[in-house]
Structures are given as C-alpha cells and as structure tokens.
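What follows is chain A paired twice: with chain B in the first complex and chain C in the second.
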Partner chain A sequence: MTEEAVPVVEPNAVEEPLDLVRLSLDERIYVKLRGDRELRGKLHAYDGHLNMILGDVEETITVVEINEETEEEVIRTIKNTAEMLFVRGDGVILVSPPSRTGA
Partner chain B sequence: MLFYSFFKTLIGQQVTVELKNDLAITGILVSVDQFLNIKLDDIHVVEEQKYPHMMAVKNCFIRGSVVRYVKLPASAVDTALLQDAARREAQQPTVPAPR
Partner chain C sequence: MQQPPIQQQQQQTSSPTEFLNNVIGRPVLVKLNSGVDYRGILSCLDGYMNIALEQTEEYVNGQLKNRYGDAFIRGNNVLYISATKLRE
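For the complex of A and B:
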C-alpha cells in the first residue's frame, strides 16, 4: 500500500512530448513553420522553445498566386538550401521524426 | 541557455539573419544576449535592390523576436558538441525531482 512507484528513467523513453524531439537528434526531420514554410534537415540541437539548429537544410515555401487573366489559383513552391541553419522556435508549428515523412 | 552559449562561440563569424519580414541581412556577429538579440557589423542586405533603404547602414542591433533564421557557416559549427549539449540540456529536469 505504501509502496511508491519509483519511476525508472530510461534514456530512450518517450515520457513528454519533447522526448520525441530528443530522439530525433542526429536524424533528418521535417519541420512545419508559420508562413507556409517547411524545412527538412538534420537536427543538431534544440531547446524548450523549439529553437533548433539544422544541417543540410532544404526549405520549401508555398506561395499561392492568382493568375490575372484566368483568375485561377496557381500554387508555386520556392526551394532554398542552407548548410547550417538556426531556426527560431516561435515560428515552429510541428516537428516530425523522419520515418513518417521520409524527410 | 544552450543557444546563447552557442551564438557566443560564433562571435566574429559572418552570418546571415533572415527576419520575419523577409529582410535578410549578412554581417559579422558582434554580440548576442540571453534573448538572442544580435548585433551585426559590416552589414549588407541580401536583396539590396529590393530593400535599398538599408544601404547606408553599416551596423545594427536586431531584436531576437523578429528573427526567423540565422544562416551559419557550417565550418564554424561542431555538430557532435551541439548534439551532446542538446542531450544534456534535455536531461536537466524542468520539473522538480521526486522528493
């Protein structure tokens, strides 16, 4: 009755959401950002704000333009690359480990 | 604290700071503080034709909260050290340890 459950802290356990990010260190991840931006790159560092350092990054910006004549919506993507990038955490919407997205 | 310490190691390096209003500024990193406010010297705007109003500005202070990205020279970054530091920071308990 009085026996207390002592939590066994496994280094690879996912106990809180950020643990999922920790397990993605040194892996390629997918990051969705504000402003229709997406990043794929190797996670080198992160903190509790979701500030991150990514390596070999590919950025994809999605822009919807309206064709003046036909008034059709044209979806255009802009791709940029960077070898090393610091990302400020306040723009981050989601972080996904590599397996699901094939990032 | 991790990124504050990290940016301090980059002082003297050339970096490109992209702001949330899409302005991108390249310059030498002079100093950084705990809010990741940044001071740059010898700056130039990446798309000078598009943003000519910054041409006379030689150095600047950037409020940390308006930064979107900082592009870094990969040669100045020790990725193994960074990953170790990130793991160590993750282990620091954000909730008080039991008893």
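For the complex of A and C:
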C-alpha cells in the first residue's frame, strides 16, 4: 500500500477566481449581466463557463429612455422574478456575494 | 512584509505572465471592453483571465457606481489590467 502525501488544501482559500463562486454556493449572490441586467438569487449550481442555476431570483433591467419633449434622459428599471433560472455563462460580467455589497 | 516599489518590479517584468504574477496582491485597475473600470486588490486570476478582486470599486464614466467586498470578473470582458498605486 502506498502512502502519498495529500496536500493540505484550505477549503475556504481563494486560489483561483472560480473559488469565489464556489464559496458562494447556497448563498444569495449578485450577478451583473450584459445588456444592463442584474440578478440577485441563491446560487444552486455553476460550471466553468459560469453557467449558473439560481433560485428565488430577482432580475433588474435598467433602461435609459429619452423624453422626446424635453430630451431628458429618464432611467427606468424593470423588475422580474423567477423561481428558478438557468443563466448562460457568456452573458455574465461579474459575480459577487451580495451580503458584502449591501444588496 | 515590505514589497519593493512597483517601478522596480516593472523593470524585472519580461513576460505578461510575470507581470500578472507580480501584481497579485496589489491594487489594480481592470478595464472591461464596455469601458467600465474596476479598482481593487487583485486576489488571483486564471488562464481565461477570470479575475478575483477584493475591495472592489466600480466606475462608470469615471464615477463610482458600486462597491463589492469580493468580485469575480469573467475573463472575456477584460480589456486590460493596470497596476496602480495604493488609494489614498
């Protein structure tokens, strides 16, 4: 029987960027997506593409409209909710645990 | 531990990988293709140029828009990573 030295890996250490995502499993996270979209939800699963399964999701879409009369920019937000959501990874810009962002 | 000033390190930089290894743990400015800037401490990065930042500040059109304790940035969005001086 061989006894190999098993490297001691600190489970909470962030050694590669995806560790940040791994440590957010089962936590509510904030996701910034392309097209001025934001998601807040509980991270159930993810993969290396940043495909993600989120639960109890709130989506916020930011739209800048121009009032034709005054030509003023009006920023409008649209909110959607979803019980469960699959997010395709290529739309992801940023992922952050929201508890630490005050969100 | 006292690290040498960044100028000295830059003189030693002879490859992109070496530069990135030198700036881990240092304050950086990450610009995305969209023009949005992120300032923070570079925790680590990987071969896709996915980035983990600490104490992250998000700047849109030069204005501070958001703060994140930790932030993961997907590598495909990254335009450049710049070593910066410590924030006052």
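Criterion: the second predicted complex is superposed on the first by the 95 of 103 C-alpha atoms of A that agree within 3 Å, B and C clash if a C-alpha of one lies under 4 Å from a C-alpha of the other, contacts with A are read in each partner's own complex, and residues count from 1 in each chain.
Methods note: a contact is a pair of C-beta atoms (placed from the backbone, for glycine too) under 8 Å apart; a residue touches a chain by one contact, two chains touch by 3 or more.
On a predicted model such as this, the values are computed, not experimentally measured, just so you know.
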Next on the checklist: With both complexes superposed on chain A, which partner does A:Val95 reach: first (chain B), second (chain C), both or neither?
Outcome noted: second
Next on the checklist: Under the stated touch criterion, which partner chain does A:Asp47 make contact with: chain B (first), chain C (second), both, or neither?
Outcome noted: first
Checklist entry - What is the contact status of A:Leu20 with respect to chain B (first) and chain C (second): first, second, both, or neither? => result second
Checklist entry - Now for A:Gly55: first (chain B), second (chain C), both, or neither, which partner does it touch? => result first
Checklist entry - After lining up the shared chain so the two structures overlap, which partner does A:Glu83 touch, if you call chain B first and chain C second: first, second, both or neither? => result first
Checklist entry - For chain A, what residues appear in both contact lists, the one with chain B and the one with chain C? => result 18-19, 90
Next on the checklist: Residue numbers of chain A touching chain C in their complex, please.
Outcome noted: 14-21, 30, 50, 89-90, 92-97, 100-102
Checklist outcome for this item: In their shared complex, chain A is touched by residues of chain B numbered 2-3, 6-7, 20, 36, 64-65, 67-74, 77, 79, 82-83, 85-87, 89-90, 94, 98
Checklist entry - Any idea which chain C residues touch chain A in the complex? => result 32, 34, 38, 43-46, 50-52, 56, 66-74, 76-77
Checklist entry - Of all residues in chain A, which touch chain B in the complex? => result 6-7, 18-19, 22, 25-26, 35, 44-48, 51, 53, 55, 82-88, 90-91
